[in-house]
Structure formats: structure tokens, C-alpha cells
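Below you'll find the structure, written out as C-alpha cells, and then a few comments.
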């Protein structure tokens, strides 16, 4: 059974074909990486899968349900969650509240009960506040539980976004360049976090440029170039592919 | 029939040119700073009122209007220096309130200086209307159209052929990089306010002979000029001009053929209708947010 | 949940202030001003949810206030409806109207949204002005006094109690909302619409929700005002009034319910104080507006709160 299936995806912006004729599948319980040069269409693909863009042509299926062109908040209910290449943290809220928004679908968010402060609302909130603190500890942010998001350093915010994405209790987590802007030590820590997440059985789809991270965590790799699929396979298969080497990895890439 | 239509058209173009110049000012300031200057209408008022005073002092018309525009430009530069620059990084709503405060301040100052009465200004040339197709065309309207055309040509030359003009466009696209390239963005910001004030002031001296001038005349003018700017797509100078003319002519036609009671509402009905269908204005930039 | 917590502590302080204030109100004029502060504060509490928490803009909110006022005036005056029914009908009508326009308008962002709400407000105020056969036109119309099942509020203290009580309830409701999943969703929309939506927040629906809620609250306040003042004009729905309301919210401090009350108080009382300046009144008012926003751009309550926090360290 495939968790995610894309068929014949096309995405055109004006005169630019960002994605062309792309088809691939993601199996449950795997870590699937998407790599390729800048402009290859990786983030566009993410945006298509998570409902931020509508494909010009093609279909996307999640657990055999057609999710093409469904809005992001509906996809969250299906079990899709993601982080962003350019951090999209709620800087006007505390770190804990950021994670609480991730729990939005779990909390009692009905209008009238919230307005009148029904016990069901406050009880759920209290319960999930504890869970949010635990989640923050899980991603290594125990020290920031009482912090404002605006006071946190970049590396911590990258983790906070992952915590928020995990709070959605997804079946599939999409991480868009989780190690971007991080130094080698921080990147290793993210690597460990992704492994931890994957060990819990969560399917992870990753866009990354840091090849060390990619080889370390991935079960399967999809290589994009100019919006098209260049190669797909396991780490060793992809590394050995001469087209991939030429387009992206370079000669030195094979030795990483 | 034709005479009636032409009559409405002439009055529509007249007032539309005013909206166009005010809207142009909005767009220019927005372009260099992303600030909406709600005091734009007041520039029109100040020029008109100053002309009244200067003429009362005995100065000949050409000198009076020149000085009036200069005074208005100076006010624009002061506004930028004292009210906008200190609050450069504030939120949109805060900046809106600041310029609204400035608008109230300027109106209050005008009331102190000139009182609340209505004043009139004699037209540039005679008041005898020219008959065109049975409709009366005021010579002042011809002045307005000519002046607007000259201004459009001048601005086109400025933005496309001079280094300063191009620097202004660059600042609009990317202020940080412009600064790195050596463009003095603070100067550009001042320049944009000065230019907008000059445009508003010019509109003021052009329209004053046709409509009476009084301290609150700028409020509706400013709002409709804002409409014009948004209609044409914020930041698109040519769009603002088109927007102004569309609003002005529509207003005149509505007042003439449908109902003069809702004349003032026309601009806003148009803008609401357009924005609901095209959220970025008729000629505005359409982009996709990169995430 | 100690007394320092905004919820219990703040509500207690507010209730105490409301209870004690009449001791300082020497005559009917003071009562009038304070009751007006209360009515404006009710509108601002709602408007603050829209502007401060959800991060939207509305430059036409006075239109909803004015519609509430005129619904009450016309239904009770011309058609002899009971005031409470008129007030509630007005609220329902305004709710429906705001719901109808909300979705298309709230798709706009930034200055385009400002223009959209501005335009809506002006169109409504012009309509109130022109349809003199219902509204009495620019000269305004008289409003019968408020009554519920035969009981009429007599005197300023009673009105003060009504408005004060309703303000307390509004604040309690607003605080509840803010501290709930709905409140967090609103703040997330302000923080990042994209991130909010992928977390499961239906962004446009929440924007519509809070727009309608704040419009209905404004309508109820408008109805109250109509009966209290006894006479209303289309200016209640005008652009200037809309700007005053937004300024109250921004001045007091966005994303601060108590800030909205402070802003309402200052901007209602200030013009009364400025009459000493006679002809310079508008000038001084504009100057104060500019100065405060330039130097305390987060608004008064948050700026002062930040000062207090720094001083306590």
C-alpha cells in the first residue's frame, strides 16, 4: 500500500513549467528524500502536495483518497503536516502556543463553548498544554517551554516548527530543508531527531541539500532536475547514477 | 443628447484628473516606502488655500500658484521628516494612524490659519466656456488636461531616463539591496513625499478655480485618490492615472444619468466591485507568495 | 490562577473601577462622557479581536455601529417595536450583512483590505445619509427611550450600570475567546496564514467569524447609543467615526483587551479636554495622535507594560 501517490503532475507559473510530468510514490514507514539543484521544483512539489498550490494537471492520492486541490487545513485532517523552508513561526505567540496551534484539530475549538469558557474547552486545553511541553522536550526544546517565539534563536525555531508539525499528529510529515542555515553540530542533532521520528513509524518526506543528512536518514531518494524526475531509488543507486552526478552531486559528492 | 453626454464627460475628466494626480501621489509614496499617506488630500487643500492668500497679498497668478506649490512641497517634506521617518518600521495600521493624524493636524492648522470659510480662486484664463458639441467646456478644464499630460510626460521621463528616477524604482523593488548599491534610500523617501506633495499641490491649484476651497476639501479627495491608486494597482503610477479618470468620469456619468445623491459613493462601489473580482487592482502586480 | 493573571485580576480591577467611578462623577455631563466611553469600549473590545488578534484591518466599522443605531431608531420610532427586539433584529441583520460581505472582502490583504472595508463603510454611511425617507437624512432622527417589558432606565446612574455591566460581560467573553483554541487560531492567522492553514486552521472562516462577531458587537453598542443619546445622525456611521474607533484600538494597544478600553477612554475624553484650545482643537488632536503613535507604536498599554517589566527587573 502506498501512502502518497502522485500521477503526472504539472505545475505552470506563467511561462515557467515548475513541475513537469512527475509521478512517484511514498511507502508508509519510510524516510523519503527529495534532492536536486535549486529551482528544480522541490518546494513547488511540497506546496502541491500540501495544498498551497493547485496542479495545472495531474492527481495526488493520499491513502488512496484523491487529495488534489484540497486546501491545506483539510489535508491536515487527513494526516499531512509540514515545515517550511523559510520559517513560518508565529512570532507573535509563545513557543508553547505555537505547538498548541499544531494541536488545533485535537482541541475543542467550537465557537460558543470557547466564548463561554465551557469546562470541556479548558480541560482539553490543559491536557494538550502538558502534551505540548512534552513534545517540545521530545524535539530538544525543554529549556524554551516558557519562552516567547520571538526570543528564540534560529536553530531552536527550526525545531519548534517540527514540534508544531508533529502536534498535528500526522501520518506523513514533510520537512522542507530542516537543516538549512544550521551549523554541522545542529545538523547532526536534526538528523538524530528525524531518526527518532522515523523510528516511531511516522513517514517522513524530506527536501534537503545537506547530502550527509540525506544519505544518513533516507530509505528512498527522488532526484528532481528542471521540474522533472531525474532518478529515483535507494541511496547507493542514486549516488551511482551518472546523470545525477552530472546534474547535482558533482564528482566529490560520491565520496560523502 | 450628445451635448449632455459631453457635459458630463468634461466635468468627469476635470475632477478625474484631480483624482489621478492625488492617486499618483499615493502610488509614488507607496512605491518607495509601502506607506499609505492619508494626508495626500491635504496637499491639494494647502495649495488651494495658499493660492487664495497669496493672491490676496497682491501677487500675480503665475507667481502665486508657483509659490503655493512650493509651500505644499515643503509641507510634504516636513511631514516625511517629522512623522514618517521616525516610525519607519511600524506596522501598517500604526502608519495609517500616523498619516491620518497628520491629515487631522494639517486640517486643524488650515482652520487656524484660514478659518472655516469657503474661498474661491479666479481661473487661470477667462471664465467664458468654450462650446464644444453643444456642451460648455471650461477653459480651466483645458488647463487641467494639459497640465496633467505634461506631468505624465515629465514623470515618464523622470522614472525612465534619469538616474534618480530609476533609483526610486529600485528602492521600491528592494530597499535593502538599493541601500547596498549606494542609493540613499532616506533621500529617496523624502523625494517621494516631496514629489507627491508637489503633485497634490498642482492638483490643488488646478482645481481651485472650479470648485471652492476650504479646510476639509481634502478628505474626500484623498479617499477618492486612494481609490484611484488602488483601482490602478497600488504602486502603478500609470494605473493610478487611469484609475483617477475612470472614477471621475463614472462619478459624473452617475450624477448626470442616475442619481446625484450617490455621486460620492460611486468611487467606492467601483473599487469594491473591482477588488472583489481582481484582488490586486486592475493593473496591479499579480504574484504568488513564496514559502 | 493568582490575582496577577489578566483574567481574574483584570476583571476584578475593572469591576472595581466601574463600581467606584460614580463617586467621582459630579454631574450629568461627566456621566454622559463616561457612558460614551463605555459604549465605545464595547465596540473596541470587539474591534480589537479583529485588528489586534487576527491582524486584519477595518476602516469602516462605524458603519455597523451606525446600522445598529438606525435599526433601533427606525424599528422603535417608526414601527413601534419593543426596543430589545429592535436591538436584536439589528444585530441579526448586521450579522447577516457582515457575513455576506466578509468572505470576498477578507480575501484582500493589507492596504487593499483597508480600502475594501473603507469603501464598504462609506457606501453604508452615504446610504444612511441619502435615504432620508427612512433615516431622516443628514439632519438625523430622534430615538424613543429604551424599555424592557415596561421598565425604562431612569437617569444616568441606571444607564451607567447597564453599559458598565455590558462592558464587563464583553470583556469576559473576549478574554475567554482569546485564551481558547479560537483565540490561538486567530493569532496564528495574524502570525502566518500559511502555517496556520497547514496546522489545520481554516483561515478564511476564522477571519469571517471574527469580522462578524466584531460587527455584531458594534451593532449592539450602536443600538445602546441610540437609546441613550435619544438622537442619532449618519455621522455615527461615518468615515471619521470609523477612524476614531481604529485609533482607539491602536492607541490603547493591539492584542490587548484592556488596552482597547484605555484607548476608548482616552479618545472619548480627550476631545472634551481639548475644547480649551478652541480653534486649535483639531491641530492639537492631530498632533497628539501623531506623537503617541510615533513614540509608543505598540500602543499605550503594551508600551507601559514593557516599561513596568523592565523597571521590575
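Per-chain numbering from 1; labels A, B and C assigned in written order.
In the analysis below, a contact is a pair of C-beta atoms (placed from the backbone, for glycine too) under 8 Å apart; a residue touches a chain by one contact, two chains touch by 3 or more.
None of the values given here were measured: they were computed from a predicted structure.
The central chain here, found by comparing per-chain C-alpha centres with the mean of all protein C-alpha atoms, is C.
The busiest chain interface, judged by C-beta pairs in contact, is B-C. Among the other chains, the CA centroid farthest from that of subunit B is the one of A.
Measuring from the averaged C-alpha position of subunit A to that of subunit C gives a distance of 41 Å.
Taking each chain's centre as the average of its CA atoms, subunit A and subunit B sit 48 Å apart. Measuring from the averaged C-alpha position of subunit B to that of subunit C gives a distance of 32 Å. Shared interface positions of subunit C, defined as residues touching 2 or more other chains, are 194.
Residue positions of subunit A touching 2 or more other chains, listed in rising order: 52, 84, 88. The multi-chain contact residues of subunit B, meaning those touching 2 or more other chains, are 291.
Taken together, the subunit A residues at the contact with subunit C in this complex read 50-52, 71-73, 75-77, 80-82, 84, 88-93, 97, 100-102, 104-105, 107-109, 111, 114-117, 121, 125, 161, 164-165, 167-168. By the touch criterion stated above, subunit C contacts subunit A in their complex at residues 173, 176-177, 180-185, 187-188, 190-192, 194-203, 209, 255. Contact residues on subunit B toward subunit C in their complex (touch as defined above): 30, 36, 83, 86-87, 90-94, 96-98, 100-109, 111-112, 219, 223, 226-227, 230, 234, 261-262, 264-265, 267-269, 271-272, 275-276, 279-281, 289, 291. Touching subunit B in their complex are the following residues of subunit C: 51, 57, 59, 104-105, 107-112, 114-116, 118-120, 122-123, 126-127, 130, 194, 239, 243, 246-247, 250-251, 254, 279-290, 293-295, 297.
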